[in-house]
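Chain lettering (A, B and C) follows the sequence in which the chains are written, and residue indices restart at 1 in each chain.
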Amino acid sequence: MSENVTAARPSAQEPVKFKKQNQAKEIWRRFRKNRGSMVGLFMLILILLAIIFANVIVKYSAATTQNLSIKLAGPSSEHWFGTDSYGRDLFARVLYGGRTSISIAVLATISSCIVGSTLGAIAGYFGGKVDNLIMRALDIFMSVPDILFTMAVVFALGANFVNLLIALTLAYFTNYVRLVRSQILSLSDLEYIEAAKAGGASSARIILSHIFPNAMGVIIVNTTLNVAKIILYESTLSFLGLGMPPPQPEWGQILAEAREYMRSAPHMLLFPALAIILTACAVNLIGDGMRDAMDPHLKS
Amino acid sequence: MNENNILEIKNLSVIYKTDLETVNAVNGIDISIKKKSTFGLVGETGAGKTTTARSIIRLLPAVGHVTGGSIEFEGQDLLTLPAEDMREYRGDKIAMVFQDPMTSLNPVMSVGDQIAETVKIHNPHLSKDEIDKRVEDTLSMVGILPSRKVEYPHQFSGGMKQRVIIAIALACEPGLLIADEPTTALDVTIQAQVLMMIKDLRDRLGTSMLMITHDLGIVAKICDDVGVMYAGEIVESGTVEDIFEGKNHHPYTEGLFGSIPNLKSKAKRLNAIPGLMPDPTNLPKGCVFAERCKYATDICREQHPGVVASGTHTLRCHLFDENGNRKEKKNEQ
Amino acid sequence: MYRYIIKRILFLIPTILGVIFIILLVLNFTPGNPGRSILGVSAPQEAVDQLNQELGYNDPLMVKYVHYLKNLVVNHSFGTSYFTRQPVANEVLPRFWVTLKLSIIGIIISTLVGVPLGMLTAVKQYTAWDYIPSVLAFLLAAIPAFVLGMVLLFVFSLKLNILPSYGLNTWQCYIMPSLCMAIPITAFNIRFTKSSMLESIREDYIDTARAKGAKESTVIWKHALKNALLPVITNIGLNMGGLIMGAVVAERLFSVAGIGALIVDRIAYKDEPVIIAGTIVISITFTIIMLIVDIIYAFIDPRIRAKYTRIKG
């Protein structure tokens, strides 16, 4: 029997392959729809541009040149944020301080992420005694309140960029160890991992190509949010006198100086505080947005 | 509403509306479930079966809306009931068993408490002892030691968890039990056990059942009537004999039966129905199955087919005339 | 269950040993020495060396370690401060008590305000009850504790003049330091409880509860809440770290004689006995609080409880 008249037979549709590209595009699209995240992104880009091109906007010397005759002046057309107790231009100090604070925070986040994730991956994947040892050591390490430890380390090694980086990494890597370990523990059980093992994949390959891509989402969100936390932490350290040595400006340090002059010169408190708060808000908005974009639930 | 029926769904349509798009999940379906009988709703994933089930007990997610039709249960249109009253139906007159037993139980409450909760909600005047006895009876009924009522869900295996869930559903002896793929998530060996238990309980308690499944074997074993669902529509329905025997079937139903692997044949490949279900946000204007149908003609692509019936057997397809007979013998090898 | 508790308490011992070692190790590499700090920049080197010798500062690391432990176990003594030559216990313990008081107030405020507010924002999502606390929590989470403290000082001490800016002699003195410590944690609790609650509501067993015909309020307050609280409780323990940072900052800002300030000050003098004692005391408290939290958690979550008790059947 001949077949009934049909139109040109439709080609069998390929099930949509969700390649990484498609997934990333989808996440970006959801991120874009979220107004909060876009505001955060916009703010952050502005801040970053201002900081990167700081030397175009105002010279570094303005941040360090003292001029006691105009000390503690309020905002004016010449000194947009006013001056500090040594007559230095506050706007320049905040701008250049941003360079220090943000670059340390970003680098410290990345390094703590790498150190912590590696440790967590090892603990999670190999399990058993290795896992036990790492987690116990971590418990002891975490019993020392991190701020005291950081302070001791910075004090021991001296306050400069690299040492601060080391101290901050030490303070924050523990975050990642637990996180990555639990991701690996929960993902390892899934059947596709067993399938990979059954297919003969080596441990490293399994970790890299199967587990990490899925844990990646959680890691990225956490890392973004950690940047904000480290910015706050770093400024607290410099407030306590453990940041970069003067005259290099840093937000926390500017605020430490502002403390004495709060009554007479509140602008010294206002502007660096705003800088910290706005930057942290921007980063948090982006982090929250990324989290929502990666795990959407239908909104009516 | 026909007196012999416990549930009558007429022309039900349901959409899911997000700010991105509108999904037409169910489009004008009719289902009648007779008292003390079991209706099997068959179809592949995404056909709209679960949506239909949830519409009956009105537990659609916030983005789900019923846009038309009626659902009559023992003469009452459930869709027009105020929310408070609907709550009284749930668990007491109509109960639902969901798909995944592993996550359907509250991990921090004992199974006894979870069963007791159902009883308490609908029988507030019962004493603690009476409720306890009810719990124990229900547990025995599903084949679990009554002394295990103090244990927690994580202490039970998958099959046992599903029994607990069934116990919860049957605790108040509902008139209608909706089972959404109750055995899909279980091991094959356990599946048979649980299925037998469901069948046994249904016979004993005289419960009517709406059994949602994609497994034709289950349909054969335990259903009296069947509805085949595709892309939000019922394309064929009838008694189990109508669907499993006879020569006139919707092409989709043919495809379903044809895709069952045959142990005896030497075929190298399984017969799948080529293609995918149409995009529910953008349904074709003609027959929803036309794209994948090997008998499709122009009219199939242009005009949405109406329902034709031959006794208890209904078909929604252009290939059949008003009496349910094949129109032209142009097809079939 | 008791085995679990005892095991955890016993773990305190290697913790303390480890802590002491780590501190001595780090301080070993720190520049400066107590002798120089005490006698001043212009003092002759021999005097400095002699003082260091007397204090026992020049002993090698392991000797110091063993000596310290012996002192602790046998004499029940924390030793003598390099700086003030007083028994360490006299300095550390009263100040520890002060910090503890502030910390407890901080924990109480952050838990009793943060958690219920978080639940509220989750249950009343997308309404004003959600937006206002959430935005507030968001902003507060972006403010470092010391900035918060300075703002509080500015507003309540300088401008409004209704709260004292230093010391702890009246009950009003406690307000600003505790707030300074509690607010960042409260903000965190609001956000975390909200997300935990939202996740809990999306679980399958909530569907089952609704299908039983349970009232929506029962579904939320009985089913969702119990499960949502589990990670929240765990977090209360983990918040301790932030609490201590808040304490250090608050004590500095408000001139409170607490243990955070003490340790910070003595680091410059390399006053090892005091630093060690202070840190040990904080660590032990930290660990005990986390142990309490874990025990509470184990009691509430039957899955964990099962691991530590005999299961029947």
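A few points about this structure:
Everything below uses one rule, namely that contacts are C-beta pairs under 8 Å (C-beta built on N, C-alpha and C of every residue); 3 or more make two chains touch, one makes a residue touch a chain.
Remember, it's a predicted structure, so these values are computed and weren't measured experimentally.
Ranked by separation of Cα centres from subunit B, the top chain is C. Taking the mean of each chain's C-alpha atoms as its centre, the chain lying closest to the overall protein C-alpha centroid is A.
Look at where the CA atoms of subunit B average out and do the same for subunit C: the two points lie 54 Å apart.
Subunit C has its Cα centroid 23 Å from the Cα centroid of subunit A. As a whole-number value, the distance joining the C-alpha centres of subunit A and subunit B reads 48 Å.
Chain contacts: subunit C has no residue touching two or more partner chains. Within the complex formed with subunit C, the residues of subunit B that make contact are 57, 59, 87-92, 95-96, 98, 100, 103-110, 114, 117-118, 121-122, 147-148, 151-152, 154-155, 165, 168-169. Those residues of subunit C whose C-beta lies close enough to touch subunit A in the complex are 11, 14-15, 18-19, 22-23, 26-27, 29-31, 138-139, 141-147, 150-151, 153-154, 158, 202, 240-241, 244-245, 248-249, 252-253, 263-264, 267-268, 275, 279, 282-283, 286-287. Within the complex formed with subunit C, the residues of subunit A that make contact are 136, 139-149, 151-153, 155-158, 228, 232-233, 235-236, 239-240, 252, 255, 258-259, 262-263, 266, 269, 273, 276-277, 280-281, 284, 297. If you check the complex, the residues on subunit C that touch subunit B are 203-205, 207-215, 223, 226-227, 230, 300-303, 306, 311, 313.
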